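In the part that follows, the structures are each spelled out as structure tokens.
Next come two complexes, and both contain subunit A; in the first it sits with subunit B, in the second with subunit C.
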Partner chain A sequence: MTRRAGPLLLILPAALVLTVFLLIPYFNIVLMSMRMPGNGVPYASGWTLGNFAKFFADPFYLEQLGNTLWIGAVTTLACLLIGYPVALQLARGAGALRGLRYGIVLTPLLVGIVIRSYGWTILLGNNGVLNRSLVGWGLIEAPLPLMYNGLGIIIALTHVLLPFMILPIMGAIQGIDPALELAARSLGAGRNTAFRRVVVPLSLPGIQAGCILVFVLAISAYVTPALIGGLRVKTAAVSVVDALIDSFQWPFGSAMALILAVIGGLVVVGFARLTRMKWVRAR
Partner chain B sequence: MKSLRAMIFGAYCWVVYAFLLAPIFVVVLASFNSGAFLTFPPQGLSLRWYYVFFDNEVFWRAIRTSLWVAAVATVISGAVGTSAAIFQVRFAGRGKEAVRIAMLAPLLLPEVLTAIALLFFVYGLGIGTKGMVGLLAGHVLVTLPFVFMNVAASLESFEPDWDLAARSLGAGRWARFRRVMLPMIKPGVIGGCLFAFIISFDTFTMSFLLKSVGTATLPIQLYDYLRTNFTPEAAAVSSFSVILTLVVVVVSEKLLGLKIRRF
Partner chain C sequence: MTEVSLRRLSKQFGSFRAVDGISLEIGHGAFVSLLGPSGCGKTTTLKLIAGFEAADGGAILFDGADVARLPAEQRDIGMVFQNYALFPHLTVGGNLAFGLEMRKRPREEIARRTAEVLDMVQLQGLAGRYPRELSGGQQQRVALARALVIEPRILLLDEPLANLDAKLRDEMRFFIRDLQKRVGITTIYVTHDQSEALTMSDQVVVMFGGRIAQIGAPEDIYDRPASRAVADFVGRVNVIAGQVNAVEAKGYRVSTELGDFVLTGTARPGQTIELALRPEAIGLVAGGDATVVAAAYSGGLVDYRVRTAHGRVLEAQAFPVPRFAVGDAVRLDVAAERLWPLA
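This part shows the complex of A and B:
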């Protein structure tokens, strides 16, 4: 008996932390989303599903949700296109620079989000480095609107989330036996064909994992859209915090957060189903 | 002789690396600006804004708060995450995958949602954001997965035979842990704690929603400052923070040969 109880003591602290500070608070949010909206107080007594109805009846929130999902999708695609070659280089490359390259890929994770976003405002602002250079070189006449819009959010999110795409793909490519590619080449496949028919299909699990991570993190990101999007463009996550903190609508804010989480989850499940079907067919 | 396509491929990758470094690079460059405003190219190089920042008690208080919160969160996460990792690798049996997912849950769930959930929770308890309970709980949650992942990864290479050998030589449970297992997994524990410390030091969302008056961490203070001020002082503070992180990472990499394992 003591032999079984001993090891359980090891997991007890973690179980306590996760139950008290994660499980119960999340359960509480579900309850909160069904409470009556309060007047002057965060919530009133009684239960209702009206908070969810209010969200789905308002075209403003629906459009915002659509925009958020769109930004998430474009960011995911951008991360995939930008990140795949780098993942390939990191997985296959060797040499003294590999450590440096790996370090550079990790930098967005190690530097605080406020500092990164600050850097983007210096680069992308109307008076920023990019616009000034372009105007200075005579390439454009008026500054391009790179910030306070969806484009700026996508650029900054792509930067923040690139490591989450590169690292899983790198791991998947490292797991591919280089002999497979050589075999394809020796059987007469060109370099492109070997890449397209051997490397890409075998790295699909990494691609899938990377896409899911990036998408989930992109639609739930708060700081980057809040700092880069300003007041004009708001993603759903920014609106959730506004509703909860600024206007003190706890039940409605909770309902919004849950809707965003559930819809994000559905998109991920759908994507996972679709890509799995693809694998089966490719085999 | 490299082929043209290999060169194009290499160049493309370096463009991506430049993209990854660009925002950090401009912040560091801007911090050496001698002018009163952020202009590019800088009007001249000077350490003027570093002097301003070094004299600014507000930022130092924020740095102290950040260091304190990060230290406490790291100690708690380090102990809780390490013991959970030992359980997961050695004793969880069929529940291994379930324990792993549970331990990584704080990383997979939206941070902003977790922060809001915690906020309601501390208000529900009646303590609100007056104490540091909510803030510390949030920081422990965001750092726990990193300790867990690093320690679990280093435990995978720990041979159960070593434990058995020590046992047959008469070592007790605690002695086996302290003298056999701990030295073997030390790189994982230190690496995990280091990563936890950096994550806690830099995290924004948790601190933003759970802070109380007087407990602004450095990212929060910087964010507040940036809303009203546009002098390069913010760039000097940011560069200081970046350099601090860099020094910690490079020194520990050199001393311990750590690999930051994230996936």
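This part shows the complex of A and C:
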């Protein structure tokens, strides 16, 4: 074996897994999206681009796509606003409880997805814990609409995706040399200015990574939107599954899945370009 | 220019007295080094002066005004950190402008002073580079420029040469000292490297265990150490025992295993004293009752270990000519004026 073959051999298992379970199915989806729709069967013989045309011609699907991207964007922003202070605390805070706090951050990921979503329905429903308490205390007259709408989906997604925002930001902040803040102070910056001018910009790579992770996971989430949104609010991912499983329209479902993937990808690329940091070392 | 004085300054971490009531006067434009092993309190002292740590007791005066209660950003200090602490997300120009922006200086002034200071550290034309695109020595000079561009009252340097390779370190010693003299700024330099402290400073402050062991000019510290600990820490030293056997008009006569010597000063007859003798103050002459047990050639000089007739091993340092080999019989030629009695 030559020396060059060594590293190549090491990535072989991963490459195999990706090829068999990702690339080949993806290629299949691309082919399927261009098949003719069938009647009573998943697809008919012949090829067409009509599945894509059908999607873009129908305002219902376009609005749903828009809603999905909106839910993804708001979830990302909510995770950022809630997660940043937590990440800062975890990165900078010392003490014996650090392990515990770290564990608490990961708790959303430790509960099964169905149980977690069902938990949210108990909390958010019209007859749920939250609404009953608020009505009981006389704070509101009628239950707030927290479920079967975008808000409920955003609340539940924010909960589960928060760790994906916190962990990269925490990593970025931990990587900041504490002497940089001292340097800023010695140059005349107060604590807040030093934080704003030094810590925040240097945590941008973590913010960028966290935002991309949360956005991608939010727009492609299925179980949470399906359980919380119910039949009234559907995200694009839910519709894809409906088309594939319920109405047996394999070509149209594949086309929708591809459109969602491409548009999500474009948003991510655009975001990464907008937030490109010239000072970050190219690795 | 600013006079700095520390009055009974102290700082405790838990039960550890990092700085234990030190007092120090630093004159206008002086270059003072705090020298000591790690954990001696030199860096903590610097942090107290900078305002990064709050003192438990004592006062820090800049030109007579106590600044101990002021936060770091109001003390008007320039600081150079061991790893430079340049802002990686800002260009060299951005790093230099930072302190001036904090002082809300007009843009033209910032541009002018940034260019001036880049010129001063010989980095013209590098304003647009990011720190990671610079060599270690260049980063070091940017850090110096960033500290000086705000025209601070005092300059603090925390082991600034520790991360440079040997040749660059020697160059930077001269560069920093020269720059400091041109600017005329009062400078406090923290180091554990005795040769840095000796070559650069007007005054060296040797610290052990949070206290000052000796304050003096480099020559005082090296030739006239206040204690065996100072003598040991600053360079290599032979310590030999002597007995005062006569007090004379000009001083006293002391007898040692290397012979009898007359030293200036006062002593009681019969008193036992310890004498410090630097390796380079012992010359080797061929033929005698001492034996060379080790010889290490280091270019300009040779380090010898020599066993005396009494069985004691002493360190000596000499020019390579004449050269002695292990096993050679030699006589030790002691420069009596270099013997220094330790307290």
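Operating definition for what follows: the second predicted complex is superposed on the first by the 260 of 283 C-alpha atoms of A that agree within 3 Å, B and C clash if a C-alpha of one lies under 4 Å from a C-alpha of the other, contacts with A are read in each partner's own complex, and residues count from 1 in each chain.
Operating definition for what follows: contacts are C-beta pairs under 8 Å (C-beta built on N, C-alpha and C of every residue); 3 or more make two chains touch, one makes a residue touch a chain.
Keep in mind that this is a model prediction, so the values were computed, not measured.
Set against each other, subunit B and subunit C differ in how many residues of subunit A they touch, and the higher count belongs to B. Once chain A of one complex is fitted onto chain A of the other, the partner contacts of A:159 are limited to subunit B, with no touch recorded for subunit C. Within the superposed three-chain model, A:202 lies in touch with subunit C and out of touch with subunit B [touch as defined at top].
By the touch criterion defined above, A:17 reaches subunit B but does not reach subunit C. Touch criterion not met for A:47: it reaches neither subunit B nor subunit C.
In the overlay built on the shared chain, the residue A:183 is in contact with subunit C alone; subunit B does not reach it. Of the two partner chains placed around the shared chain by superposition, neither subunit B nor subunit C is touched by A:56.
Subunit A uses no single residue to touch subunit B in one structure and subunit C in the other. Contacts from subunit C toward subunit A in the complex involve residues 50-52, 71-74, 76-79, 81-83, 85-90, 98-99, 102-103, 130, 132, 146-147, 150, 156. Only residues 6-8, 10-11, 13-14, 17-18, 21-22, 24-26, 28-29, 32, 42, 82-83, 85-86, 89, 101, 104-120, 122-123, 128-129, 132, 159, 162-163, 167-168, 171, 216, 220, 222-223, 227, 237, 240-241, 244-245, 250, 253-254, 257, 260-261 of subunit A touch subunit B when the two sit together in their complex.
Subunit B meets subunit A in the complex at residues 9-10, 12-13, 16-17, 19-27, 30, 38, 40, 79-81, 83-84, 86-88, 90-92, 99, 102-103, 105-106, 108-114, 116-121, 123-124, 137-138, 140-141, 144, 148, 173, 198, 201-205, 208-209, 218-219, 222-223, 226, 234-235, 238, 241-242, 245-246, 249, 260, 262-263. Considering their complex, residues 177, 179-180, 182-190, 193, 197-198, 201-202, 204, 277-279, 281 of subunit A touch subunit C.
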